[in-house]
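Once you scroll down, you'll see the structures, which are given as structure tokens.
Look for chain A in each of the two complexes below; its partner is chain B in the first and chain C in the second.
Our next item is the complex of A and B:
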């Protein structure tokens, strides 16, 4: 089965600089959904750029479906789709269809095949009506879908999503994940989510933690929340996990108020009424005010 | 100039080959610049333009409204022709203003009837001679497309920075005179430049992640083929242009 493999990868920007990543090894298989956690500056972005072949390792090997990224094979960009945090920074086309076609044009796809795939992918993402619409007229959620479409149209084996939903409202975030899960089931996509939002954490099957450029945790998502060092790694326990598991001393059983707060002082999701995206299971139904 | 955008329709003007549209507009611009027949011909040229545009499904009223963006230029052109050397007259000023209007309106029609992909294709063909100097015309055209794509984003960022600085007491846009106003706008330039450089770096990474390679063999999503109508329109325009030059400079 195709996999994305890091084998004792170190990376530094120059011989005189300290390494950003040190001896990182892991394997992302097709069909897996993995979260990558870590503080700012821990090397997450560097890791994603190495995985997509945009940077080459200083030592060690990065392989995508058996192809070493040092080969500079365009097949690597086809097989690994990279979605940036800010969709606006990766949309190249002026209109929706032009942007969707940008990747296939680069890969030399036949025009006939492109003209079949662009409307198909746009339709799947709910952008079918907007093919000729200028990108600047799209909402933030639609632009994020378009950025996702620009990656999915290349039929990748692996998706690397850098905080994909951090700029979306709860509804757009729910739509985004629904599409992603559908595509994943269809195409057996391996997905690496960098710094997943708290509300998305429970979707993960596996978690990895980078700390000081080293991979300090690679295991089940449930085990991560119980790990004694998560505070030191800068990882906050998501409210939904607190509710689901009772870790952190605030479960539904011991606090039924539904009024929990995030550790960073934010409003959290526990106060959301049932039916709202991200609301914890068993939350009281909402009511219309005013 | 917010109204000057592509507005898709299915008429003969919109269906023309992008190169015929582009060359046609440049031919008309040359005609307005070179013809020797004065105000009557310029006025007739503008009227013909408006009839063609109307018949071709272009929202003519909206296009004319865009002229307000160049009112200052028209006033200057008129004043120069009124106060110039011997022969300056209202007639000549009117002719000059009509010529500028004609050039502007044809350019506006080109933008209205051409999709970004068509404009890109046209520029690619226009840059073809540069390949003699080893310059890749598709790269140049892509630079123009990215410029078009990111212009609204950069403008929005400038506005955001302006508001952020104004919220902290920076008196942007206020001042005694023009020089003071320009000096007050300088604080916008550095952050905008820095943001633009960051954005360019991110975009280069994103393009590479989507398989873009300098001088890589790329295919084309949009294909354009010359039809009978395109050839007929091209010959008609060529005839008008050659006739004008012949008459003006026998």
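Our next item is the complex of A and C:
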């Protein structure tokens, strides 16, 4: 089965600079849905660029379906779709139709096939009626769907999604995941989601954690939440997981100090940081819904 | 201050985007403005900040028409991209010097303000702001925007792009700020702010919907999924409690739900 593999990959931006990634090894198989966690600056974005062949390892190997990315084979761009956090970074067409056609055209897809694929993909993403619409007139959620369409039209084996829903409103976030799950089921896509939103955590089957450029966890999603070091890795336990599994004890919003809210449902003052009016001692309240 | 909107219609280039809105943002306290992309949330903030004229209606504080001049901080997404001075100290005192405050006073006030944002002056004053972590940069930028202590603080997606730690630190500081100022936050991260919120406005066509309490908002969103897409797990957990519809829903924490389930049994 096709897979995307990292074999002891190290990466530095220059010979004199410290490595961003050190000895990272993992395998993403088709059909898998994996979350990649880690603090800002832990090397997650560098890893995504290496996976898509946009960067090449300093040492070690990255292979996509057996093709070494150092071969710079255009087949890698077809097989690995990379979706950035900011969709505007990868939208190049003036209209929706032009943008969807850009990738296939550049990889030499048959014009007949392309004419069929563009409306098909647009329709699946709910963009069918916007084919002639200038992309600047689309909302943020629609532009994110268009960027996903620009990736899916290449019929990839793997999707690398870098915080794909962080700039979407909650309605668009829900729509985006519905489409993604349908596409995954149909095409057996292997998907790596970087920094998944807390609310998306329960969709994952496997989780990986980068910490200081090293892969410190690669295993089941359930095992991640039980790992004693998740606090050190900067990972917040989602409320959905806390509810489902009972791991983690009390929420920080309900730390017993009365902070975060009043009995009548209004906001409380406990947990305010030092220096603010009415701030009693106590930890700051955290997130509520995961 | 209590900011009262009276039939306010906000828009751009003469075209209405949101409103007419009639309701109150009582202060001090933190209020959320929620809605789909394109529903006019940012346009509303810009109108309240005086950057855009109201198309009709208006706002008042007490009996006086609201005038934003000198009384508002409006921070758009990623305010740290506007850093332009070499040190955190210079950034945080810039607004005070621009208002003619003597250097010594500006530095004292700036240092005290930085500390309240979790950035002690002895550690951060001389640092280049571009070398701070993501969460520190965001707090330094917002400290610089608010150092002149405006009574109204308007924030557009303040948590965007921060990791969990950065978000938690900023949430704690904003809760503190809301104890002494009126803070209105446009956000898609409703859940993160909900425990701190004194009120919530859902925009998206016409008058919008105002909620004076987080639980009223939760109850409405549970009853009407089109109002706001609550997470599936919370919806399922509340349904599992078999709660009578007139009872306020438990807060969306696993512990609150467990506690509600325990009391029921």
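FYI, the second predicted complex is superposed on the first by the 249 of 290 C-alpha atoms of A that agree within 3 Å, B and C clash if a C-alpha of one lies under 4 Å from a C-alpha of the other, contacts with A are read in each partner's own complex, and residues count from 1 in each chain.
Just so it is clear, a contact is a pair of C-beta atoms (placed from the backbone, for glycine too) under 8 Å apart; a residue touches a chain by one contact, two chains touch by 3 or more.
These numbers come from a predicted model, not from an experiment.
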item	value
Chain B versus chain C as contact partner of A:123, first or second or both or neither	neither
Partner chain(s) touched by A:39 [first = chain B, second = chain C, both, neither]	second
Partner chain in contact with A:239 - chain B first, chain C second, else both or neither	second
Which of chain B and chain C A:169 touches, first, second, both or neither	second
First (chain B), second (chain C), both or neither touched by A:93	first
First (chain B), second (chain C), both or neither touched by A:223	neither
Set of chain A residues, in rising order, touched by both chain B and chain C	none
Parts of chain A lying in touch with chain B, wherever the complex brings them together	49, 52, 54, 74, 77-78, 80-82, 84, 86, 88-95, 97-98, 101-111, 114-115, 118, 132, 134-136, 150-151, 154
Contact footprint of chain C on chain A as seen in their complex	39-41, 139-141, 166-174, 195, 199, 202, 234-236, 239-240, 242-244, 246, 248, 250-251, 253-254, 260-261, 264-269, 271-279, 284-290
Chain A-facing residues of chain C, complex	29-30, 35-38, 115-116, 118, 133-135, 160-169, 171-173, 175-180, 188, 190-192, 194-198, 213-216, 228-231, 233-234, 237, 248, 251-258
Touching residues (chain side chain B, partner chain A) in the complex	5, 8, 115-117, 145-146, 148-149, 152-153, 199, 202-203, 205-213, 216-221, 223
